[in-house]
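Common to both upcoming complexes is chain A, partnered first by chain B, then by chain C.
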Partner chain A sequence: MKTAQAGTLESMDCIVTVTETEKGRGISIAMEGASIVRFGEAMLKATKDTLKDLGVRDISVSIQDNGAGDLVLKARVEAAVRRFAGVRTP
Partner chain B sequence: MTINAAGRNIPDTIPGYGEVRHFKGHDRRPPEGCRFGKRNRAAFNTRRDKTLPDLKAAISASGLKSGMTVSFHHHLRDGDYVVNAVIDACAEMGIRDLVIFPTALFKVHKHLTKHIQNGVIRQIMGSVNGPIGQLASEGGFSVPVVLRSHGGRPRAVTSGDVVIDVAFIAAPTADNYGNLTGAVGRSACGSLGYAHSDAHYAQCVVAVTDNLVNYPAPCIQIPQFFVDFVVPVDKIGDPAGIVSGTTRVTRDPMRLLIARNAAKLIEATPYFKDGISFQTGAGGISLAVAAYVREAMRERGIKGSFGLGGITEFFVDMMKEGLFERLLDVQSFDLAAVKSIAENPNHVEISADWYANPWNAGCAVNMLDTVVLGATEVDRDFNVNVNTEADGAMLHGIGGHQDTAAGAQLTIITTPLLRGRIPCAVDSVYTVSTPGEVVDAVVTEFGVAVNPRRQDLIDAAREAGDVPLVTMDELVEKAQELTGPMTPVETEDRIIGVVEYRDGTVIDVVKQLKKK
Partner chain C sequence: MRLRRTKLYLPGNNPNMLLRGHLFGPDGVILDLEDAVAMSEKDAARILVRDVLKRGDFGDCEVTVRINGMDTEYWKTDIETVVPCGIDGIRIPKVEDPKDIALMDEALSQIESKARIPVGRTLIFCLLETALGVWRAFDIARASKRVAAICPGGEDLRADLKTTRSENSEELIGPRRMIALAAHAAGVDALDTVYADITDDAGLRRETEWVKQLGFQGKSVIHPNQIPVVHDVFTPTAKEIEQAKKIVEAAAEAAARGLGAVQVDGRMVDKPVVKRAEYTLQRAGLKAGGEKA
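This part shows the complex of A and B:
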């Protein structure tokens, strides 16, 4: 199974892991971390928006959060997706 | 329901707690009643040995029965064996429905969970850290936990709000006639400050020791005439959990910046002069503030009068260097503090009553110039939360927060603006532990917000010129800008925690978390 990852577990960062899923299965997102109880909805929206902008329809996303803000989270999701697609990141 | 002086809507009675005295302001409740205390007793010279063979014999001799209240001190911290052993023995003897009244509980007391679940323990009055706090937050108790400060607790004891049936006092050294000390022994913990009111007021006092010495014991802190029975056991605790090693000053540049800002504020005030008295916690930022203040004291040739509270090696070194004349020690945090209290007559043990009780002829916090405290959150009104976490779980006690904040001339709260994504400066704190009216300044890495009530401090800070002043509203808005909006904590209506102010009024309540 193809996967790709971006991020770290430093404070205010997160590790985003994306894994391929069968076509038509849609997007599934799993999150863990202390801020999810208060920011879970915002994080879900940031992740979905980023995937939509990148045109991703079928993927499984796992987020290990250590307090990342939306900007960081979006960047990590985008980096993971681009690595997954084989785009070289600097 | 009544809206109290901290702006909280509190019911007039709370099931399992009773009638509520509402918080009306930090100095608004006049003291009531008298100190009487325990039943009189006589011991004649026909019984010159108070030792009993084991805990069960002592429990039986103490007259402890189901439904009674038992107390413990927390000087053995996370190394304590005594609380768990006593409750285990009670359970085996068929005693149930106990109210336990510790000065604090630690992770090691997770062991009590089964006794809570099977009804040996009905209620906890005292701080509930870690797993037991989580259990309480999720509704694991039939009656609410009652939180009191280090001064509020002896107030409740000496005024008779709480009657202790049996106090079990872990004693690092004891003789067979009940003289106790924490200063020496393999499980030495230094001061026994939190145990004094319990020894004075409990209907029966049982000392538990792993170092029984010849009469009379050395460095006596709690004298024989308060102690009914002495139980020798193998070990009262694990020394590794009782005293910490050296606590290091933080190296995190952001926390150092916060500490530097706090020190600049202290130096800018008129309190920074000969005779200054000082208290900080043992946490990373607090200790860094102490380090900066020490540097400034050396540079400007200032000699302080006393260091107060939980004493660490850092304060011991400052006294040795002549930067403090004396240490008033209610709790000795590390090995150096334990050693110092046993050897140095200027390192004085004080009781919690002496330290912080608002209902006596004057406690030590009233003589305090500056205190540096922490917070989980602060709000626009300078109210401080130290009890609940961002998810609404009640995981921390009040400690001396309310007492020192109310007593000190200059009360500084140090906190990062964010912990991860969680903002520490908010519109309104989830739980009010300490009211904003006794908080003078909030210090963050983004600047120092001085309470507008203290125009004198604002003027002093402006004059000094190097204190990065901001307003509390600016801090809150900065935090919101960085984190985005939070979804509220979801709770049930049921109250699982009652937060008393130090004068025995209810300042806030904590509700049960909604199941996910």
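This part shows the complex of A and C:
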């Protein structure tokens, strides 16, 4: 199964792993980390917004968070998706 | 005059440092896409740096990005990504040829124009990390009006000189002198390389005092703890400021009375002394003027 990853587990960072899903299955997002309880909703929105901006419709996203804010999360999602698509330039 | 006493390197793939580095109060930050980023992470770092730049929260810091060298496949994408964010400048590693600076000037103009940024806004800081680069320092500094500073390399330069690091960096005496001379001849700043031992404050102070004496305006730092030491060396003392004020005021008074020379505290003060006093006040932020940019 095709997959790609970006980020680290350093402080204020996260690891985003994207995995291909069947066409039409939509987007699924799984998150883990200490901040999820408080910021889970915002992180979910940031991830969905980034995927939408990148035109991604079907993908599975896994986020291991270590205090990444929206800005870092979005950057890591974009990097993972671009790697998944084989495009290593923004 | 823009103070460039310290420039703090921030690794381009490290969110913690990128977002918090400016809080330690350096005069400038260098978001690093080159040596601090592994080859496999260049893409992710570029995206992260772009988004941190877009947020634009750097206080009063001069914001520069160290791009990958012009001998790599990355430099064009680097500048296309970061320049539209409205940065103050780019830092180019391993500059050896004035023609490369002219080429970079043109590339920056195109990007600025497309991004509707005033053409010429993005300054160039040149890292001279080879013997050839140092030898051509003056021509490199004059290759574009954008060049704001030239800076000697450290380890790369030592390797190119086929030497090693000595306790007092004697191997870099010549290059540093050449760069200070070339920078002032060309009208740009001379900014020194990093002091690698982040636990040795006394060594850092000694080296900083020495490069200041050579004519450098500042130094890159790799750890926030190095900032106060370097600032302390490059900031005029209260006594120096008082003396400089006296000299500048006395010179102004003499000029108003049509006199060439003037006495301060029983000593004759001539033009170079007045110039140095004015420079002291500029560095203390008490007088406008100084080098370009």
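Keep this in mind: the second predicted complex is superposed on the first by the 88 of 90 C-alpha atoms of A that agree within 3 Å, B and C clash if a C-alpha of one lies under 4 Å from a C-alpha of the other, contacts with A are read in each partner's own complex, and residues count from 1 in each chain.
One rule holds in what follows: contacts are C-beta pairs under 8 Å (C-beta built on N, C-alpha and C of every residue); 3 or more make two chains touch, one makes a residue touch a chain.
In this text the structure is predicted, and so the values were computed from the model without any measurement.
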(message) In the superposed model built on chain A, check whether chain B and chain C fit or clash.
(response) fit
(message) With both complexes overlaid on chain A, does A:40 touch chain B (first), chain C (second), both or neither?
(response) first
(request) Considering only the touch criterion stated at the top, classify A:68 as touching first (chain B), second (chain C), both, or neither. (result) both
(message) Between chain B and chain C, whom does A:12 touch in the aligned arrangement: first, second, both, or neither?
(response) both
(message) With chain A as the corner point, what is the angle to chain B and chain C based on their C-alpha centres after superposing, as a multiple of 10 degrees?
(response) 80
(message) After the superposition on A, what does A:76 contact: first (chain B), second (chain C), both or neither?
(response) second
(request) Using only C-alpha atoms, work out how near chain B sits to chain C after the chain A superposition, in angstrom. (result) 7
(request) Would you tell me the residues on chain A in contact with chain B in one complex that are also in contact with chain C in the other? (result) 11-12, 68-69
(request) Would you pull the chain B residues touching chain A in the complex into a rising list? (result) 390-392, 418-422, 482-487, 489
(request) Please name which positions on chain A make contact with chain C in the complex. (result) 6-8, 10-13, 68-69, 71-72, 74-76, 78-79, 82-83, 88-90
(request) Under the touch definition given earlier, write down the residues of chain C that touch chain A in their complex. (result) 13-16, 19, 42-44, 46-48, 50-52, 55, 77, 81
(message) Give the list of chain A residues in touch with chain B in this complex.
(response) 11-12, 33-35, 37-42, 65-70
